[in-house]
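Across the two complexes that follow, chain A remains constant while its partner is chain B and subsequently chain C.
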Partner chain A sequence: MAALLEVRGLVAGYGGARILDGVDLAVEAGGITCLLGRNGTGKTTTLKALMGLLPATAGSIRLGGQELAGLPAHRIARAGIGWVPQGRSIFAGFSVEENLVIGGLGHGARLDDGLLERFPVLAERRRQDASTLSGGEQQQLAIARALAGRPRLLLLDEPTEGIQPSLVDRLAETLAGIAREDGIGLLLVEQNLDLALGLADRVLVMEKGRIEYVVEAAGLADALPALEARLSI
Partner chain B sequence: MKRQRLVQGFVWAGLALLPLFIGEWQVLQLAQFLTYGLFAMSLALAWGRLGLLSFGQALFFGLGAYAMALATMGRLPGLEAWPSSWLGLALACLVPWSVAQLLGFFLFHGRGLRGAYFGITMLALAVLAERLTQGAGWLGGLNGLIGVPPLALGLDGGGPVLFDALPTYWVMLGVAFAVFVGLEALLASSRGLAMTAVRENEDRLGYLGYDVAAIKRHGFALSAAIAGLAGGLFASQFGFVSPKLIGFGLSAEVLIWTALGGREMLLAAFLGALLLSWTETVLAGLLGAYWLLALAGLLVLSVLFFERGFVAGILTFIAEGRRPGRR
Partner chain C sequence: MGADLVLALLDAANFVLAIILVAMGLMVVFGMMRIINMAHGELFLLGAYALLVVQGLGGSFWLALVLGPLAVGLVGWLLEVLVIRHLYGRVLDSILATWGLSLLIRQAVILWFGPQSKVVAAPFDLRLDIMGQPFPAYRLFIMAVSLIVILFCFWLFHRTRLGLAARATIADRATAEAMGIDSRGLDRLTFAFGAGLAGLAGVVMAPLLSVDPQMGLGFLIPAFLAILTGGAGELMGVVTGGVVVGGSQSLVARVASPAVAELVVLGLAILVIRLLPNGLVGHFRQRR
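Presenting the complex of A and B:
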């Protein structure tokens, strides 16, 4: 079976600085791929390049067979990639519901109540100003907003950053549900190794702008010492 | 929200009844200020909603005024025999709309101009338009075009003419009200939500699947069409168009009206233009050159204490018993 997302030889950077030096990766529908690596190895840059927020200077990005490299962000979003940025980036001053309507509108999709079943906190607070939500709730809103656009693939940049530890497990469950039940592919950047190992069915380690190490779910337990060695400072 | 609508209803009803209590000369003057109010609403749409701080909004007002003058004075090549007010109004909307669409392609697409750069570009364009108009003989040059006929109801420029104070006032008010209702409906829709989101953070909208440049371009063009309509109506009432209508001076004035009234509330911007124009006629005679000083003082006070505008502050206080929050 062909993967949902197939990336080959992706090159991108800021100005003259080449950050991504030929990234290859794949994400299956309903699969969770976790991107690990030390600071500055290009994890966030990879997500941004996939989303079209940073121009890809070479390589191919295929989503369900459709070539996306070189398209602007809004076209990539419409093609089926949802983006949950680091720091949530919800619209303050908009209600929870308005944030979700905005999330669905660009695709022409309508807000459906089924979406909120996965996020009971948001359902309770749908009329509340989004800036009054806690960090964890805002993170849920950012994920729900991305889902409102009915993506096939979701990119998440450190979704558990700055969230109280007791909520991290709940968030992980939500993410697992999105992948297993809705069949959406997830590609997430994560610093939390335990979470990554518990959630992912494939772990990628980035070094100097390339994917240098790939571990599938079955081999995760055996690969732990090697992973820790690659991630330690 | 309901009380807000109620307050809005009272304001419009009050404006409809106002001319019954004041003199004819004042009614005519107010009718002219209503077109300024319409003009201020166009800026409130571009600036208050889309975040496009245009320092040259009079470019569109002036284009509308000149389009109206040329059409109704029979100065359009090939259309000399058809000096229709309706044609004038259509062109007063269409010409600024097209110019804004074209500008939008250059200013918003590609890398895109933002914030102060957009404002300065608009300022330069308005100054340029003023200079070009001064030198164009077809447009009357420095003297402008004198003798723009009042609105005529016939399709060919004949028929009953809008000349008396009361009908003129009510027609102007009716147009302003219709534009207000239309824009409020647009802003309350999901499309309007996206426009407000552009002001808040346009990068976010991009990765949510919106073509931000297109939203800005269409919103800007709509704003330009309304400014042009205001200019066209102004020209037909005032009977005279001059390069002043297209340049920097009027652009700055509409900015002050809109800022003092309240850029995020259409009605507040509209009333701001009305109130300040009215105050100017009263105080300019009394204070002379000090009027500008007083206006500047008001602007400083407003920025300090009513960041979202005086009128917006008062309207929100009446409707909700609090100071205005965001949006």
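Presenting the complex of A and C:
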């Protein structure tokens, strides 16, 4: 089966600095790929380059066979990539509902009730200013906002950052549900190794702007020592 | 005394609404794109000349009222594509470049139409009797147009999906883009819309003014003052600033003289901006 997202030789950077040095990766529809790595190895840069927020200077990004490299971010979003950024980037001063509507705006999608049913907390607070939500609720909002655009692939940058440990499991369930029930592919950058191992069906380790190590779900248990060695500081 | 007071208030309301009408396009462009458009007065000028041209060709005022804003909006669209889009995030450069554009447009108008002032006809020359005093009905028309523009802008930015996309883009451009919002398209649309509003103001105000290449300046200064005192960046600011600047100028001019009024307004504006750098609305919004 051809992958939903196929990235080959992706190169990107800031100014003269080449941060990504030929990234290859793939995400299947309904699959969860987790991108691990030490700080500064290019994980967030990879997501930004995929989203078109940072120009890719070389390489190919294919979503369902459609080439996306070089397109502006809004075209990439409309092609079916949803964005759940680091720090969540909720629109403060806008209501929860407005945030969700914004997520669907560029896609011509109306806010549907199914989305609110999946996130009951957001339904309860739909009229509230989004900046008054707790960290965990804001994270749910960021995910729901991305889903409002009916993506085929979600990019998530450290979704568990700054969230109470007791809520991390719930968040993991939500993400697993999005992949299994909706068939959406997830590419997840995570620092939380336990979460990554529990959720992912493929783990990638980034080093110096490249994917240096790939483990498929079946091999995760055996690969644990090697993974820990690669991620330790 | 009663009639005097009513007329004074009516005059003040007229001036306030005229300033807001001129300032609205300026405000939309500044609020959305952080571009201080020094050529706004010249876009206003183009609106006035559009009326002159349409009337010269035998068209009616009402035709110009439709064509003028469209034509000036198109000019705005071209300016955004050719010049303005290179200036985002560069405030000083944008002031210089749009100032250059203003000179260019003004000189082009002089080359085309000559430096002398022209007169355009109001669509109706009706005088209403307000408590025994005559008051031109056309001024009420301008006030109505301004109110419609204000309400339309509030509706557009706060009640439509397009307005929501625009406000999301102002709040966080990169995230809005990643949500699928075409921020570049919105830039072009916003600048064209702001220019179109300037053109509309030009058409509507022209019958009250002498149409000449310098006419853009007279209203631009109070419009800028209104935006700064009210608080740059939101619609409520321009409305509040228009009321403060226009109201005080008009009322002081009546009890003292127009020169004193200008002094009072400038002094007031300096005081407000010195004490409340975010303007009146910005100040109270932050404290909330």
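In this section, the second predicted complex is superposed on the first by the 233 of 233 C-alpha atoms of A that agree within 3 Å, B and C clash if a C-alpha of one lies under 4 Å from a C-alpha of the other, contacts with A are read in each partner's own complex, and residues count from 1 in each chain.
The working rule: a contact is a pair of C-beta atoms (placed from the backbone, for glycine too) under 8 Å apart; a residue touches a chain by one contact, two chains touch by 3 or more.
As the structure is a computational prediction, the values presented were derived from the model and not from experiment.
With the two structures aligned on chain A, chain B clashes with chain C. In the superposition on chain A, contact of A:E6 is made with neither chain B nor chain C. In the overlay built on the shared chain, the residue A:E161 is in contact with neither chain B nor chain C.
In the superposition on chain A, A:M51 makes contact with both chain B and chain C. After overlaying the two complexes on the shared chain, residue contacts for A:D24 are found with neither chain B nor chain C.
Of the two partner chains placed by superposition, A:E207 touches none, neither chain B nor chain C.
Shared interface residues of chain A (contacting chain B in one complex, chain C in the other): 51-53, 72-74, 77-78, 83, 85, 89, 91-94, 98, 101-103, 105-107, 145-146, 149. Those residues of chain C that touch chain A in the complex are listed here as 161, 164-165, 167-168, 171-172, 174-184. Taken in their complex, chain A has these residues touching chain B: 51-53, 72-74, 76-78, 83, 85, 89, 91-94, 98, 101-103, 105-107, 145-146, 149.
Across the complex, chain A meets chain C through its residues 51-53, 72-74, 77-78, 83, 85, 89, 91-94, 98, 101-103, 105-107, 145-146, 149. Listed in rising order, the residues of chain B touching chain A in the complex are 190-191, 193-194, 196-197, 200-201, 203-212, 325-327.
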